[in-house]
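After this come two complexes, each holding subunit A, first together with subunit B and then together with subunit C.
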Partner chain A sequence: MNNYKWLVTTLYILFLMLPIYWLLNMSFKTTNEILGTFSLWPQDFTFDNYKKILTDPTWYNGYINSITYVVINTVISVTVALPAAYAFSRYRFLGDKHLFFWLFTNRMAPPAVFALPFFQLYSAMGLFDTHIAVALAHCLFNIPLAVWILEGFMSSVPKELDETAYLDGYSFWRFFLKIFVPTIAAGIGVAAFFCFMYSWVELLLAKTLTSVAAKPIAATMTRTASTAGYELGLLAAAGTLTIIPGAFVIYFVRNYIAKGFALGRV
Partner chain B sequence: MNKTPNPKAWLFVIPVVVLVAFNALIPLMTVVNYSVQETFGDNVFFWEGMKWFEEVLRSERFHESFLRQIAFTGMILVIEIPLGIAIALAMPRKGPWVSVCLVLMALPLLIPWNVVGAMWNIFALPDIGLLGRMINGLGIDYNFTQQPVSAWSTTVLMDVWHWTSLVVLLSYAGLSAIPDAYYQAAKIDGANAWAVFRFIQLPKMKRVLTIAILLRFMDSFMIYTEPFVLTGGGPGNTTTFLSIDLVKIALGQFDLGPAAAMSLIYFLIVLLVSWIFYTLMMRGEEN
Partner chain C sequence: MGIELKKVTKQVGAETYIYETDLSFEKDGFNILLGTTLSGKTTLMRLMAGLERPSSGEVWFEGQDVTGIPVQKRSVAMVYQQFINYPNFNVFENIASPLRVSGVSSQEIKQRVGKISDLLKLTPFLDRSPDELSGGQQQRTALARALVKNAALVLLDEPLANLDYKLREELRDELPKLFQDTGATVVYATSEPLEALMLGGRTATLHEGRVTQYGPTSQIYRAPNTLVSAQVFSDPPINTAPVEKKNDTFHLTDLINWSVPVEYANLSDGQYVIGVRPHHLTVGTATEDMVRLNGTVQIAEISGSESIIHFNVEGHTWVSESHGVHQFKVGDSVELSLDVSRCFYFHQSGELVAG
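And now, the complex of A and B:
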């Protein structure tokens, strides 16, 4: 029985790793080798693809741009979501349930629907091709998600904590920042993780709102691939490098990921 | 939890409302605006009423991509939800392997969507891809750039690869929350594995599974980047899902009116299904 369980898990992880291995394999090959010979590992091992990406500004700026707007978005989303989630978890106020659902409907809006109006809106404000434009646009789906996750975590903290602090003479903001925020630190970590993740993987809006100065790495890949006639080795190396930031973040929050959604409430 | 009535709580919510409303309402109004007007350029618009809506709802093209979308989302849910539950049940509960499993399984979730598409493209190509070579090596004629069936199965397999882990993580979280006492009680009663699953694990996972189904429904219904990079909607139109079709109409042909009308119909469908689901779930939770 136990052996069979191990087999299922191992097979599944193997299935997940295969395409990633193939990408990694290609990233160490020259484009000629990729097109010319079929081999399970690089015959003519080369770091040239990585060297090119790490030394050419049109490539590595893509990474800097992506990370910049992702971090700005994560900070904005979590900061504004904190007080809102507190209000939803502790107070009853006019239209609270409707508001919660309305927020959530924005998580359901297909980005394809909003691509063109977003382009016009941010162009009109003179924010086209800036990091802040992408960061603000991603708030559309990340703020509802952050509120949802944080609300779940906050609701699991007993209300007595708040009441005791007030009796001890804490003002609201002092209580909130000194006691409450540290208590739900895990929840903030999970919310930040999901904001990072969705902002990092999204491309349609990020591509629509940028041209040169804030172009994300994922968009740089598509452009270079089509003009240079599919430099597959380079493409594979760039793809491999996009996995690394996510892998880092996931390693740090691995114990909280699962908990985050479990405590959350739709 | 008992909530205190407090009208001032609105102040806490205002920043969120302002930011989301800015991003949601202004673009939505733009779409509504386009959906009832016709333009021949130069920013001159003419009132057209419901014409575009009727046109879209009657068009063969919309029906086809809509049916394709339903079929795709249906297949995704039917495959990913049971598979995700099965893997979560098979995962180790304790020990150092838990972290290893979680990190490796979550990896596909953090790869940019176009990289997922590109990765599967080079993985599945019949001449240079591992998967393509393997399937052809088994004697099956497979080329996802030319055969509709191959294109479909590759797209579905890619999505299973990409998103099953989300269902696994959620189900696993639900399972970890079950106290050991439940299992001991079941053991004393002599319950078999199926009874434990049916009467203990499944009910306890109900809430996280609802979230998983809801997220998978919404995301697969809105899918754009991955199939676009993998197949470009082809061969022909066979993998042109709703979002791909919409972007083709809006940005490719610049037919703003029909594209806007289609956007609204599309959004309303997602909203309606999610609302029905949400209400059913809330009712389930109250009982």
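And now, the complex of A and C:
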């Protein structure tokens, strides 16, 4: 029995990695090869797909746009969620539990519900096709998420820490920024990670609220399939590049996320 | 004059945490708040610190009304039962923190932190982060931070409760010395009667949000004013039983009785409650001036050189504490002697009978 332990793990990793390998595989092939033959590795190895993406502004701007609104959104979400989570974790007030739950129900609504009203409202405000529009729209989902995660981390810090700081002479803000925020740094990392990931993969709102100037990469990727026929190699290269930021961010928060799981907030 | 509570009450929602309390704690020596969990020790301390506002009444400190003054503007330090340190600072910065905030020069900080950490044996750990320290060292760090700022009021809320036995003893010996010459008013909360006795000073016994008695610790122990105060200040718990006075005898039961001591001679006949500390009820044959009880053993525990035996006399459970190791099995019958000259007599309302 013991001799076959490795088998389960190997199969698991194999099935998990296969689609990703296939994507990588295709990204180094020409579209002709992808459509014409079945090969386990590129027969006609090429960097052309990547070259095109990294040199053609209609392609790389997609990445820049996505990163821009994702970063704006993450910064807004975490900044706004910090004081909110602090209030929920430290104070008792009328309806606090209901408010906390209501905030979280926003997370449960499908984005499609908001697509049309958001499109109308943002157009009326002159925000259509801007990075800030997408960043703000994603706040609807990310702020509740960040409040939820941060509240868990904050509640695990005893309120006596706050009091000790006040007794030591700290003002609220000095305590909050110099002691409290560093103490829950892990929570901030986890919250930022989840905001980042949600905003990065969300397509519907991002696509609805933009046309050219702030067009996200996910929207650009769908274009390839329509205009110039099937450019599958290019599409695969774009997909591969889309995975990278997520992988990069998860590398930094991998230890914190375990902590989040332990608190039941991830 | 240290800290004074004047007609202070504290209500949270519909619940009363502290009933109207008048209390004034002196500057020299330890002031001990003794009470069980939920008796209101912590609430009382938080009111003194200014972390909470009383629902009514005033808090005075050194002759000034400080009721509404924010904690930052008071000279207060507090050490909690949990080990509270700033996790993102190392030990040095933890101790230095109150000095940094008040803008003391870094040279003076270095000198003062150095002195305190020597005193508390923390010098080798100054570069470490608090979570790399043992529980005892973490609590020392918290104590050092409370000491370094020379606060005029120091509140210690069961600071030793989470430490293991050896460390607790060690720190308990050091504490009074540490605060001796600081000129601070020190208030110490504990749920352990023995701890209160060891620390000396003055004690206020607390029960369900009320201060039942306040005075020099040994005096409170020797002369509790009510049954409740006696119960708060007794470990193992004090024995109580109804007695009846008829003419010149107290009757516990028909057969167990003793003559009324001289100081209670003028007491009118009727029902009273007797309070007997466990160590005034010992295993062995009664001498002349003691009362003999025959009971059945229910629980027998040995705590080092003391034997604590719970036994049953005609349906009533008693706890005795005797010197030496006495081995008993459950169900054994045992002869005990009750030292009636050392017990307390209470009215049925709970007041101590003046004797």
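Operating definition for what follows: the second predicted complex is superposed on the first by the 252 of 266 C-alpha atoms of A that agree within 3 Å, B and C clash if a C-alpha of one lies under 4 Å from a C-alpha of the other, contacts with A are read in each partner's own complex, and residues count from 1 in each chain.
In this text, a residue touches a chain if its C-beta (ideal position, glycine included) is under 8 Å from a C-beta of that chain, and two chains touch if they have at least 3 such contacts.
What you see is a predicted model; the values in this text were computed from it and never measured.
Trainee: Please work out whether A:Ser171 is in contact with subunit B alone, subunit C alone, both, or neither, and reply first, second, both or neither.
Mentor: So A:Ser171 only meets subunit C here.
Trainee: Return first, second, both or neither, reflecting whether A:Thr183 touches subunit B, subunit C, both chains, or no partner chain.
Mentor: The answer is second: A:Thr183 touches subunit C but not subunit B.
Trainee: Applying the document's definition of touch, where does A:Val212 land relative to subunit B and subunit C: first, second, both, or neither?
Mentor: neither
Trainee: Of the two partner chains, subunit B (first) and subunit C (second), which one does A:Leu204 touch, if any: first, second, both, or neither?
Mentor: Only subunit B is touched by A:Leu204; subunit C is not.
Trainee: Any idea whether subunit B or subunit C touches more of subunit A?
Mentor: B
Trainee: Answer with first, second, both or neither: which of subunit B and subunit C does A:Gln120 touch in the superposed model?
Mentor: In the superposition, A:Gln120 touches subunit B alone.
Trainee: Mind pulling up the subunit B residues that touch subunit A in the complex?
Mentor: 1-10, 12-13, 15-17, 19-20, 22-24, 26-28, 30-31, 86-87, 89-92, 99, 101-115, 118-120, 122-123, 127-131, 133, 161, 164-165, 169-170, 172-174, 176-177, 208, 210-211, 214, 218, 221-222, 224-225, 229, 242-244, 246-247, 250-251, 256, 259, 263-264, 266-267, 270-271, 274-275, 278, 281
Trainee: Give the list of subunit A residues in touch with subunit B in this complex.
Mentor: Per the touch definition, subunit A meets subunit B at residues 4-6, 8-9, 12-13, 15-20, 22-23, 26, 34-35, 38, 40, 76, 80-81, 83-84, 86-94, 96, 99, 101, 103-118, 120-121, 136-137, 139-140, 143-144, 147, 155, 159, 197, 200-204, 217-219, 221-222, 225, 232, 235-236, 239, 242-243, 245-247, 249-251, 254-255, 257-262, 264, 266.
Trainee: For subunit C, which residues count as touching subunit A in their complex?
Mentor: Against subunit A, the touching part of subunit C is residues 49, 51, 70-72, 76-78, 80, 82, 84, 86-89, 97-98, 101-102, 142, 145, 149.
Trainee: Which residues, counting only subunit A, touch subunit C once they are in their complex?
Mentor: 158, 160-161, 163-171, 174, 179, 182-183, 185
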